[in-house]
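What follows is a set of structures to go through.
Each of the next two complexes has chain A plus one other chain: chain B in the first, chain C in the second.
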Partner chain A sequence: MNERFEISPRLRNTSLALIAVGIIALVAGLFNLKLSHDHVDQTRFWIVLLHNSVFFAMVTVASIFILAATSLAQGGWIVAYRRVPEAIGANMWLFGGIAVVVLLSIVYFFQIDGHNPIFHWVHPDGDAILEGKKAFLNPTMFTAFTVITVALWSYFGFKFRAISLAQDLAPKGKTKLYFYNMKVAALFLVVFCLTMMSTTPWLWVMSIDAHWYSTLFSWYNFASSFVSGMAMIMLWVVYLKNQGNLKIVNKEHIHDLGKFLFAFSVFWTYLWFSQFMLIWYANIPEETTYFKVRMQGPYSIIFYANFIINFIMPILILMARPSKRNYFTVTFMAMIIVFGHWLDFFQMEMPGPLGAHWHLGWYEIGIFAGFIGLFIFAVSKSLAKHSLVTSNNPLLKETIIHQS
Partner chain B sequence: MAIKKFAVACYDDEAVLFPAIDKVRNSGYKLHDVYTPFPVHGLDQAMGLKETDLHIAGFIYGITGTSTAVGFMSWIFTKDWPINFGGKPHFSLPAFIPITFELTVLFAAVGMVLTFCYLNQIMPGVKKHVFHPRQTDDTFVVAIELSEHTSEAEVLAFLKSTGANETNVQVAESEWWYGRFDKKEAYELS
Partner chain C sequence: MHLKYESSTREPLVEGNKTYHQVTEDICKPIEQKPSRLWYIGFFFSISLLLFGVFSVFWEVYWGIGVWGINRTIGWGWDITNFVWWVGIGHAGTLISAILLLFRQGWRTGVNRAAEAMTIFAVMCAGQFPIFHMGRVWDAFYVLPYPNSRGPLWPNFNSALLWDVFAISTYFTVSLLFWYSGLVPDFATIRDRAKTNLRKRLYGLASFGWTGTAKNWQRHEALSLVLAGLSTPLVLSVHTIVSFDFATSVIPGWHTTIFPPYFVAGAIFSGFAMVQTLLIMVRKIFKLEEYITLAHIERMNKVIVLTGSIVGVAYLTELFMAWYSGVEYEQAAFKWRILGPYWWSYWAMMSCNVISPQFFWFKKLRRNVPFTFIMSIVVNIGMWFERFVIIVTSLYRDYIPGSWSYYSPTWPEVGFYLGTFGLFFTCFFLFAKYFPVIAIAEIKFILKTSGNNYKEKMAPIEEKSVEEFAHEMEHAH
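Presenting the complex of A and B:
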């Protein structure tokens, strides 16, 4: 089977227009915020770039994770549209690279009056807590962890796609590459465990509130990025299906993705609440400051909106079986979930550096639009390069007759 | 609870069973049930069974559990026996959530198991008529419900033509009953 995706002019123009919006927002931000004398404006310029680049890097790595997990579990259901997460994962270098550039620029080049407003730990200046964390939270460790993490993710992103493409050309009935893929997947899960499940969110997100820590934080970040990654895959699958591609995908496959959206929205809430309730119950001041500013401070709107969008809406809308099999509801919910988890990262990252002076204005929306445009552009390029159906995969028949 | 007359056909193979079920349904006979030694994928679609309502029942049990937990705890901690726990307000929703969750799961799980048993007519201490002793071993058994107008010979010939290796007519209780032993009257009638 050979099926080609051709980028329609409309998709191409939309993505380029969104990228243009992003670039205009970036340039306008450079002049209005970066070069402003106001410290809040300068901080806003960087933290918004950090928010979006980290969000998209984590969404992209979620695609590689689902590839690895289903490879190891021999999941047949995903093989029908396996090229979509492969294409997203192959762009890990791009979104990871942007995140590295933004993060390292903030660590090394951004300071106001001798201290770093986003990563306070860069200049501890005798702060007892930050000095105590210095062995882990210092620019060298941060650079090493960030660069190695993104390099490994990008390598595995390319690797999964390369194996899958090689399998298309392999002689029929040979399973050597299939089992090789499983070994690579096992290796990636170890890497993923040591990065996304633990160190990466500590460094990239949690260290913004450097005095505070939560042992659940990385898991909670993983749940957030994984459910939005599944939502991105869902949006691509529905789009390709609408374009007349992916003929072997039917409601059974959409149902499976819908189950993932539903289940991991609930899983996200479980972790979100577990983190909140222990801190609320123990009521230790050094821990409750984190929620004080978010729940009762200037962020309370975002805090409750986050809960409603990411828990109440999925659980009510996606619970019934027919709504997980309906193209409209799953597309709508996938968009809502991507936006909701973008908002979740927003409320994780903004309160530390900006305090009460947060905005959800032209700059935030513009940069977000730019990243969406880049995501559409890059992934559609990767999708168009090769056949959309993984021929020769031993699970191909299983995925065609799949019933969920 | 009714004594009915059934035509019973036994098949050796799934590959014969599926076309046979199609033929039975197309020729207008009333399919009572199909008994298989193991779960057969696609059999419920082939038999034309409708989607189960078990999950709707589950949702209702879950909601009952949620409201029981929230209602009961808030009544206890605000009206009946207010206690000061570490300066927290009496109505502390976050503290109620774990128990609410557990009670939701408990109600939904227990309720759904009982509903499942009721819908499938299985329960400790109840009995159903067994059409063929080997239906739990290696034989696929199809039971067709007969009315007084149906010609037995015609049905049996038809079932033979669909590939059945054993056919007979049985008069039996169609539903479950309480007790361990077969109903006497069913055999007296036959």
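Presenting the complex of A and C:
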């Protein structure tokens, strides 16, 4: 089936306007924060960039993950709109690349009075605990892991899309590429285990609070970014549907995505609770210090907002069947979920470097807007490049008659 | 009417040229025939194991916990190891019936009945261990919170052990209801075919007067949906709370935040292995290879390699974090696990749970029945060692070297464990003889979509172009 998506001027202009907001915020940040004499301002300049670039890189890899998972499980439901996660995944190089630049700049170039306010481990300076972690937390290791991770993710992001496009051109009824895709998917899961499910969040996020540790941390990061990634896919599918594209997508498919938003919001809560409750219950000072500042300290409002937005709202609003089949409700909830998990990453990353001096102001919102604009711009470009519906996918007819 | 179609890339789930009637015949046959010699041998062997278990437990109750090998340092030994092991096994059933139902996995219909039965029997076995571990078992009812005549003596609601009492009894109840509600229409089928009066009466009673009317089915579907909704969180909650038994403590090796999801993954891993062990025997003995096909076995093997690898990531994460934390007690706990006198148990766990499932990356091995059978047992040996490692090797090197200890089980502990195998297999043999081991009604539900003969008839649909097909379906709606 051939169905083209044409980027409407409105969408392009919106994305460009958002990017402009981001650039203005960045430039203003450069002058007001980066070049300020205040240490907190300088730190704020970098940590906000880290927050957004890491969040968007992880949200993007979620699309590659869902492609791999559904390919292996032979999921027919996603085939109707799998070009959407494919297009998001194909931009992994962009968001991964931004994350690499930001992270490595912080590690190598950000320094105040001989220490790094974000990654304390860069200069352990006799701190016994950090010295103990030096074999893992050091700039070389960090660079190697970060670059290899992003390179692998980007490769697989391109690869899944390439296979899917090649399938379009393959003779009808040929399943060779379909099974080849499964093999690539299996390989990606191995990569995913060794990156997103373990090392990546340790290095990019957990090492901000370099003394603290939690074995669950990476899985928690996965749940948070995965549900936001599914929400992004939902937003694109609804938008394309509204533009008159994706004719074979109907409420059954939307319902499925809605179920994913619901189920993985609950799954996120499960991991949130597991991590929080076990640390609270055991009450070991080295561990509770992490929640002390977040729950009872200056971040308490974000701590509770995180729980309400990411758990209470989805469970109440998305539980009923009709709400998962209503375009307005699912769109609203998808936006809420993306914002909520952006906030979740915010509360993971800000307390370490900024302490009580956190902001949710022009700079934070501006950079966030810039990333959203870039996301819309880049993904819409990728979507417009090829047909919006796959051809010759062996599960295409199943997806047409799919019932959720 | 919704079109019955599925892609030809999917393997059929019912082999052969089956009609609705043939399905009924095939699955009811073992119930309506006299059991084979093999069945009698197995059944009486299980009963004797069970009796030995009863004797071992009697010995322990009569003389006290002192007849077991546990000591002041190692307060939990085989008893809690076996408890966690059996609860873990009891996970696959509800996962298959509830979560795979939500994921619309048609292949669950071939295996769900036996898996759910296995779940119930495994939870029954698991429950024995904490009860008899109490020592004064006649006071076991103290764990139940109710207004009582014992003054202010209430169970400790802050204790994870008490949460476990609730979690497991809830899980057992809901699993039993789910299993039984699925059995009702099938019991009615057996009743309607019954040639003897006794059989007609008993199955009639068991089927609650099911008549198969539209109203009956409608209520049945509604009930299934409610129970699936209730069971889904239970699949996660039970083993999560079992993990809390350990993780809420401050003992190095026990207190770690990854425990809840990793216990659940491990439980699914061992549960699927046990389903493989049982179903490979069942399909052979009752000649049900056309219903429990190689496709089913392969899919379950995929779940095994996936969950085995998740567990592997968790093991390595724990190990890494023990070093990364910089806490010397954590580091010591893992050092003693891997290099201490119990080193063999750690390596047994690693090789059975993490390394050996990797063989299932190969399609040939996933579809090899004898290999799968051996692997399914290897996995459960590994999962037993996992619990042994977590429990015993976290305890045996205490903070004070003076209380360092070593532990080996005594015969009543081993006998107790063997006895639960007796209980499990006695129940399973009775189930296999008197209950339809495959859900008749549910196989019929997928037959016209996934049955081999029906799939062959779908060739014209596969020939159609997608545009044409999409166009037709638009009008059909």
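One rule holds in what follows: the second predicted complex is superposed on the first by the 404 of 404 C-alpha atoms of A that agree within 3 Å, B and C clash if a C-alpha of one lies under 4 Å from a C-alpha of the other, contacts with A are read in each partner's own complex, and residues count from 1 in each chain.
Quick note on the criterion: a contact is a pair of C-beta atoms (placed from the backbone, for glycine too) under 8 Å apart; a residue touches a chain by one contact, two chains touch by 3 or more.
Values in this document were obtained by computation on a predicted structure and should not be read as measured data.
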item: Superposition on chain A - do chain B and chain C clash or fit; value: clash
item: Partner chain(s) touched by A:S265 [first = chain B, second = chain C, both, neither]; value: neither
item: Touching partner for A:T175 - first (chain B), second (chain C), both, neither; value: second
item: Contacts of A:S198 with chain B and chain C, given as first, second, both or neither; value: second
item: Touched partner set for A:R321, first chain B, second chain C, both or neither; value: first
item: Partner chain in contact with A:Y281 - chain B first, chain C second, else both or neither; value: both
item: Of chain C and chain B, partner touching more chain A residues; value: C
item: Single chain B stretch clashing with chain C - from 24-32, 114-122 or 150-158; value: 114-122
item: Doubly contacted residues of chain A, that is, touched by chain B and again by chain C; value: 281, 403
item: Residue ranges of chain A touching chain C (in the complex, touch as defined); value: 1, 72-74, 76, 128-129, 132-133, 136, 173, 175, 178, 186, 190, 193, 197-198, 202, 213-219, 247-248, 259, 270-271, 274-275, 278-279, 281-282, 284, 286, 391, 394-398, 400-401, 403
item: Residues of chain B touching chain A in the complex; value: 41-42, 51, 55, 59, 86-87, 94-95, 97-98
item: Parts of chain A lying in touch with chain B, wherever the complex brings them together; value: 273, 276-277, 280-281, 283, 319, 321, 403
item: Contacting residues of chain C [partner chain A, same complex]; value: 2-3, 5-10, 102-103, 236, 240, 244, 247-250, 255-261, 302, 309-310, 313-314, 316-318, 320-321, 324-327, 361, 461-462, 464, 466-467, 469-470, 473
